[in-house]
Structures are given as structure tokens and as C-alpha cells.
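Here's a structure for you.
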Amino acid sequence: MSAASAIAPGETPVLECDGVTRLFRVKKGLFEAASILRAVDDVSFAVRKGEVLAIVGESGCGKTTLARMLLGLLPPSGGTIRFAGRPMEDVGRSEIAARVQPVFQDPYSSLNPRKTLGQIVGLPLAVHRIGTEAERRDRIARIMELVGLPSHLVHAYPNQLSGGQRQRVAIARALAIEPGIVVFDEPTSALDVSVQAQILNLLMELRRTLKLTYVFVSHDLAVVEHIADRVAVMYLGRLVELGDTGTIFEDPRHPYTETLLRSILTPDPSLGLPPGPTGGEFPDPLDPPSGCRFHPRCPKAMDLCGAVAPEAETDSPGLVECHLYNEESHDR
Amino acid sequence: MAGGLFANEFRVDAPAPGEIMRRRARSHVGFLAGSGFVLLVVLLAVFAPWVSPSDPFTQDLDARLLDPIWGKGGDWAHPLGTDSLGRDYLTRILFGARISLTIGFGAAIISGVVGSTIGIVGGYFGGRVDAFVMYLINVKLALPGILIALSLVSVFGGSLVALIAILGFLFWDRFAVVTRSVTQQVRGQEFVAAAEAVGASHARIVTREILPNVMSHIIVIASLEMAIAILVEAVLSFLGLGIQPPTPSWGLLISEGRNFMFFKPWLITLPGLALFFLVIAINLMGDGIRDITVPEGRAR
Amino acid sequence: MTGDDDTVLRVRDLCVDIPVPSGTLHAVRNVDLSAFRGRTLAIVGESGCGKTMTALAVMRLLPGRATLRAREIGLLDTDLRSVSDKAFSAIRGNRMAMIFQDPMTSLNPVYTIGDQLEEIYLRHRGSGRREARERAEYLLGRVGIVNPGARLGQFPHQLSGGLRQRAMIAMALMCDPALIVADEPTTALDVTVQAQVLHLLKDLQAEFDMALILITHDLGIVARIADRIAVMYAGRIVETGSSRQIFTAPTHPYTQGLIDCIPYPGKTERRTALGSIPGIVPSLIGDAPGCLFRNRCALAEERCRDGGNLERPVEDGHTYRCIHPVERLRGAAVPS
């Protein structure tokens, strides 16, 4: 799709989504017919080598589903995911693993409580049969040092660590087979702020020294603003805006992005609460609104918005999917 | 204990999971009593030929139905008296423990392997596989277990191997139900997704990531199933369908004692008590294991 | 104790101890608090700092093993320490109410929203069911729930997270309490919903002239909504002051560190290292003389082992517990 290629001129993106869609069958009650949830709906974007691409949105927007598809944990229902130009189906399970690794949100459930840190961090090496026993031990020690864990902890168990230390273990495991890309799913939202800062600093440093590419899924816009190069905003399964972090934060175009940004609470006592967002509740994802999915909550909604879904418009700042920026839809 | 002025950031002050379990085990009265008694019975059964005063099959028709030492004419030659054929009753009971324990362990291992495999496979793969597993479990639950055991035993005879196999294949449903639901829980944990993302095979994920987290549940059920198998064997043998004479099974001893119930009640009470205490001890041990292996709460 | 001023809650020297296998865990140490009518007090700190235990102690909802000591816990003109458990249940939900983080687990799934709201009113006011239903419907509408009459008949799982939290707020308001304690009321909510719920809390507080104690880890929320702030660390209040005082002139090194930790769009430079507090919270088990922050503090010195517990004033209404105010950090000469 043109949307994907236009934003990454010149080089092949390390990771690319082309019209990626994921449907789930959801059964509400025992006797009700299953309905279809479009968790991710026709999403296209490209991840450039070495960048931090953040995917933001509220719960139910599809960002976690998208992350799982990027990791190869969930096959898309439609569309293609490509690694360095090659479709995921051709790449194969074990090579996907070597290219992209996850760090999850919950540092408690992401580590097997019955295993030592050495076993956890060494899992990728064991699965891929990399190196001899001694070489693995060395490598585990090196990675643990890299993420700031003293090497004597190899024999410790997860329950002996704090949340921040556990998250370091999860990062070490992800880095053990030296993937080019790390997908983070809310990596700091379960952590205290002081620990969050430690982990964010570590992530920024690791990216610099190891030349990593990050896909950073988060709902915390202040964190995203700090760490991301580009931001993709999702709403009810749709990618509604994508652009450079500076552009998104200083000059947001999609009304939903504006709403999100207004709700960031910076610690400034002189500001008071931001004006509450207009419009009511988050709609039922099983029965999304017609036309533009944001229109019932949108302060700038026009008659057109409820009737016709806007097309994604790709231009120099990035991508936006809104009738306000879609000249053709006015003419049609 | 705020530590030194610049305390090491990485103090490992929580004990390892193994150590936590050891500590809990040491202070769990029920577990200590239960497992202590079970261990005692196991040792007595294993060393029965050496610790028992005589041979379980040697009859002495001159010394039939002797009272235990606390009864009239009790004698240290036969501390628990003799049965109707003059065989030493203590010896018979000690050798009977061998039968009970073999049946218990054997049936629990077979049903554990069968049931846990079915349950873990269903819980791990979900979808159609799980639907089939649920179907199997439901069919099994609808069958009258004891009745089938009775009919199978009457067809295949009451050899030890046949009993173990029949009991093992009849009592796997509880393993399947529990391991299936625990596996579903563990399956949803992020460390399983992390192992998948690393490219680990299903076999590896099941055996290395999931099984260690399900194992404690399996052991707890195994202990309960062991107790049930021991009781069922006693029932079958009592009915004459299980272990055949002259092999000393506790159920058989009770059955043989029936004829003398009113004037030599210890022929029934002694093996009955042995059965009772062994089953209680196994259940105490099982409950203890459950308490000891409950996962640590999240660190504060 | 008099109730003639605006003080709604006054807590002096509150300590909460929890026996654990390896000793006594001092969850809350010598905490002083006051909450005033129409004002918001925010208790801010990281997990395990004792902020939730403080709230639970005030509401007498501490876990069974925990013990509580205080020189004073006064709600208006009632000394809560001398109130029996039975009499306390007539106060809780009536004159003071609590809002929890997770509205799903604090609402009973087998009763309708209406039943749960009305039950509170009936229990405390003993009035008719009609009146209770009218009040429930009015309050559900007041907290911004569209079509409140229909919502009364619904069960908690039929409501979205935001709606459930609104229903919880309505429930807390049923008996027109003088004090509301909200423990992380918006942490489980999405950001846009969070803004709405905070607005609602603020509006209702003015309308009902209540004191609000807001417990949170989120400095952004605190800065925007609180009148007074108490920063807790390892069971102690390490600094307290007005919102402006805390954010423009943080004096305890921990407060300063906490503020430096959070990314601040427009202020912190993108992709640079954030300030961070090294190390982890010390064990709260056993007696701990001296400043508990010293193992993580850049300014720590030998004196911090035994000093640093005393409360010192910066200016009117702004106090801190530290022997070296943070000016030294901000100045050029940072001790290495």
C-alpha cells in the first residue's frame, strides 16, 4: 500500500504492516451468536531501522493485538507483515524470533516463577542452540551486566527481585539473541515512577549502544513523547494519525490526537485540570460507529463524518485519517 | 534493617522458592505427621521380609486365631495374634501394606500421567482440542466408575497388574479437570508468550514452562487419588473380586475376618485401622503439599 | 477537639504495624494529616510507601493482623479511636466514604447498581426505598451517567470501567459524607476517561462541600487537583505543603527526585536521560532510626543515620524531614 512505502523513502523498512487486519469472534452470552470484533482494521505503517515508533491509544484500540502480530504470536486475519521486505509467512518462526523480541507489561507474569534468572535469560540461547554451555554462561553474564543486573543474580529466582529488576530480566531475555527489533508492550506502566525513569533511561541507552529499533506500545503519552521518534495513534482498531513526535505533540491534526494530548497531566500546579473531553463513552468495539469511528466523541464532527469513513491521507508530516484533511471527500 | 548508608541496590532478601517451601514444610504439622506416617509405612512395607516376625503364608493349624498380646493368652511370638489358618497377623498386615502401597502408587502414577497429559493438552492448545478433551472428561464423569471397575475386574481377574491398570485408567478425570484449568491460567501468563516469541516448540513450552507450574497440583491430586485407589482396592478385595487369597491384602484380610467378627473382632479392626490411618496420613500429606506449594503472593 | 473550623479530619501520630514472620513491618510511621472542608489533600508516593495503609487506617479497614496507634483520629467532633466497631460501621459510608482503584472488585457482581446504592442509604438513613431510589437516580445522573433510571437496574459487568467508577462515586455520595477518601480512583481508567472522572470529583467536592483525600502515585494528577500535598516515603510523610510549594520549591531530596523522574512534555528534553532515584525502597521491617531515604539519596552523609526524622518548616504550611534541604542540590556545588 502506498501509505507504507511513502513514509520510508529510500531504504527498505525493517518491519512493515500492509493493510493488517485482525478479527476475533466474540461470544457475548451462551446463546447469542458470535459477533466479529475488528481489533485491528486495515493498518499500514513501516518501521525504519533504528527508530523508536510508539503506538498509542486507549484500551481496546488494538495496540496490544497489533504488537502480538508484529511478534508473530498471532497471525493477521488479513494483510501482510514484512520483515525487511519479506512477508512473515516466508520468514519462519525461528527467524522471526531472531529478528524481533518482546518485553511485556507485567514483570510478575512475564518471568516463569520456577526458573532462575540464568535459565530465563538463557532461554533464547537454549532454544536456538547458540554456543556451548560455557559460552552461554558468558553471554548471559554479559547481557545481565548490560541491563544493570549483577551477575551473582543468575541463580536467583524472580520472586527475589523487585518489579524494576524483573523488568530488567525481561529486557535481558529479549536481548539475548541480539534481535534487531524489540517490541515493548507497556513496559513501564506497572512500575513506580522512580523505577520507570531507570528503565526508560536503560532503554534509551541500550538503543544507542546496540543500534536497536523499538516498537513502543503505550498509553502514557508523556513517556512516549520522551522516548519516541515517531508516534502512531490508534482508535478502535484504526490507525488515525502517524507522524514525527514533535509534529504530533506540537501540531496534532486528528481531533482524537488532540483529545489525547489534552488529557496529559503534566505536573504543573498552575494549570489546573484540562477541560474535560467532550462526547460520552468509549463506544462498544463490537458495534463501532458508522463512518468515522471517532465521530460520536469528536468536537469537530460534521454531517459527513457519521456517514462516510474517511480515507487515510499520507503526506509529508505522516498519515492522518480524518475528513478535515481529506479534500476529496468534501468533493465527493 | 534499613541497610547500610549506601546499601546494595540488589539485596536478595527474599528466599528462593525451594527454600520457602522447605521452611513451610518444616512448620506444617499436618504435612509432617502425614508424610512421617506414610514414610514409616513405606519403609515397613519395603523391609517387610526382614521386619516381620514370620512368613505371611506359613500356616500353623495348631496356633489358629490366637489373640494379640493384649488379649487372653497373647504371646510375643505373634504380637497381633494369628488368623484362622494360624498365619501371623502382624506379618500379614505388613505384607498387606505392600499391596496397598503398590496399588496406590501404581494407580496414581498411571492416572496422573493419563489425566495430566489430557488436561494439559486441552488447556494448552484450546479450541477444538480442548472441546474434545472436555468431551472425554464429560464422558468419563458420566460413567459409574466403581461399577466399571467391578465388571472389568471380574472379566480380567484380580491380579495386581490388572488392578493397577484398571484403577489407573478409571481415575484420571480429576487430574484432567484440574491440570486443564491450571494450564489455561499458566498459558495466559506473559512468560509463555515470551517463550513463544523466542521460537520455542510446543513440546518445550509444555514441558519446561508449563509443567513445572502445574506439577504441584498434580502431586496434590496424586496423593488424593492414591488414597482412593487404596480404598477401592480394599473394597474390591473385600468383595472377593480383587487380590486373590492367599495374598495378604487389607481388604481381603477384613473379608476373611468377617466370619469371626463377633468373637475375634481384631481380625477386622486391625487391618481396618491400618487402612484408615494410611488413608488419613496420605490425605494429610496431600493437604500439606497444597499449603506448602501455594505460590508466593506478589512482592510488596 | 472542636468542630468550629473547617477541619473535617485530623490525624496525629498515626502508626500502623503489621506482624510478619521476620518481625514487625512498620507500614505507617507517625503520620500527621488534616483534611479541610472543600479542600483536597493528596497523599502521593510510590508503592509500599504506606499511603493506602494510611487511608485504610482512617477508614478502619486495615487487614486483620495490622495494629493501629494514634494520638488522634478525629472526624469532625468524633474521636474515631474510641468508636466501637459496630458504631464505626454507621460512620463509614455515611459520614465518610471511600472510593477504590478497581470499581469492578469493589462492586458486588450479583446485585444491581441500584440495589447497591440504595442499600447504603437505607442502612444509614433508614428511610423508605422510594426516597433511596430517587436519590440514587439523582446521583447517577449527577455523576454524568446518561439515562440513570435504566442504569439502576443493571449489573456492574454491564457498565464500562469509566461508568463503574462514576457509579462508585455516586455510591460514595449517597449519604452526603463530609469526607471522601479516593485511593487511586483513576489508575485503572483510560487517560481521556481519567480527565473526566477527575473533573467530576472536583466539581462534586465543591457542590457537596466535602473534604477529599486523594491517594495516588501520579504527580500529574496531584499537581492539577490538590490543594495540599503530603509526600510519603517508607511509611513517613517526608514533605508536606501546598501544591505550589511542593512543585515549585521541593525541599526533600526524595520529592525533588520524584519530580525529576517524570517525563514532562515540553520541558524535559526528548530522548535525554531522565532524573532517576537509584536503588530500591528499604525494608520496612524492624526499627529504623534516621532517615530512611539515605541509601538512595545523593546528599546522604553519616549524620543521616540518626538525624533527619525531625519535621522542619520551610515556610508557613510547608514542612520537610531532612537535615539538608535540597537547595544544595539545585546549587552549583553538588557533593560527589
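As written, the chain order gives the labels A, B and C, with residue 1 at the start of each chain.
Here is the rule we go by: contacts are C-beta pairs under 8 Å (C-beta built on N, C-alpha and C of every residue); 3 or more make two chains touch, one makes a residue touch a chain.
Here the structure is a predicted model, which means the values were calculated and not measured.
With A-C and A-B as the two chain pairs, more C-beta contacts join A-C. Among the other chains, B has the CA centre that is most remote from the centre of subunit A.
Between subunit B and subunit C, the centres computed from C-alpha atoms are 51 Å apart. One inter-chain figure worth recording: subunit A and subunit C are separated by 32 Å, centre to centre, where each centre is the mean of the chain's CA atoms.
With centres defined as mean CA coordinates, subunit B is found 49 Å away from subunit A. In subunit B, the residues that touch at least two other chains are 13. In subunit A, the residues touching two or more other chains are 162, 165. Residue positions of subunit C touching 2 or more other chains: 47, 278, 280. Per the touch definition, subunit A reaches subunit C in the complex via residues 58-59, 162, 164-165, 192-198, 200-201, 204-205, 219, 221-223, 225-227, 245-246, 249, 259-260, 262-274, 276-277, 280-282. Subunit A makes touch with subunit B in their complex at residues 68, 71-73, 93-94, 96-98, 100-102, 104-106, 108-115, 120, 123-124, 127-128, 149-150, 153, 156-157, 159-163, 165, 170, 173-174, 177.
Per the touch definition, subunit C reaches subunit A in the complex via residues 46-47, 146, 160-163, 190-196, 198-199, 202, 217-226, 243-244, 246-248, 257-268, 270-271, 273-278, 280.
Chain contact summary for the complex, subunit B toward subunit A: residues 10, 12-17, 20, 189-191, 193-201, 204, 209, 212-213, 295-296, 298-299.
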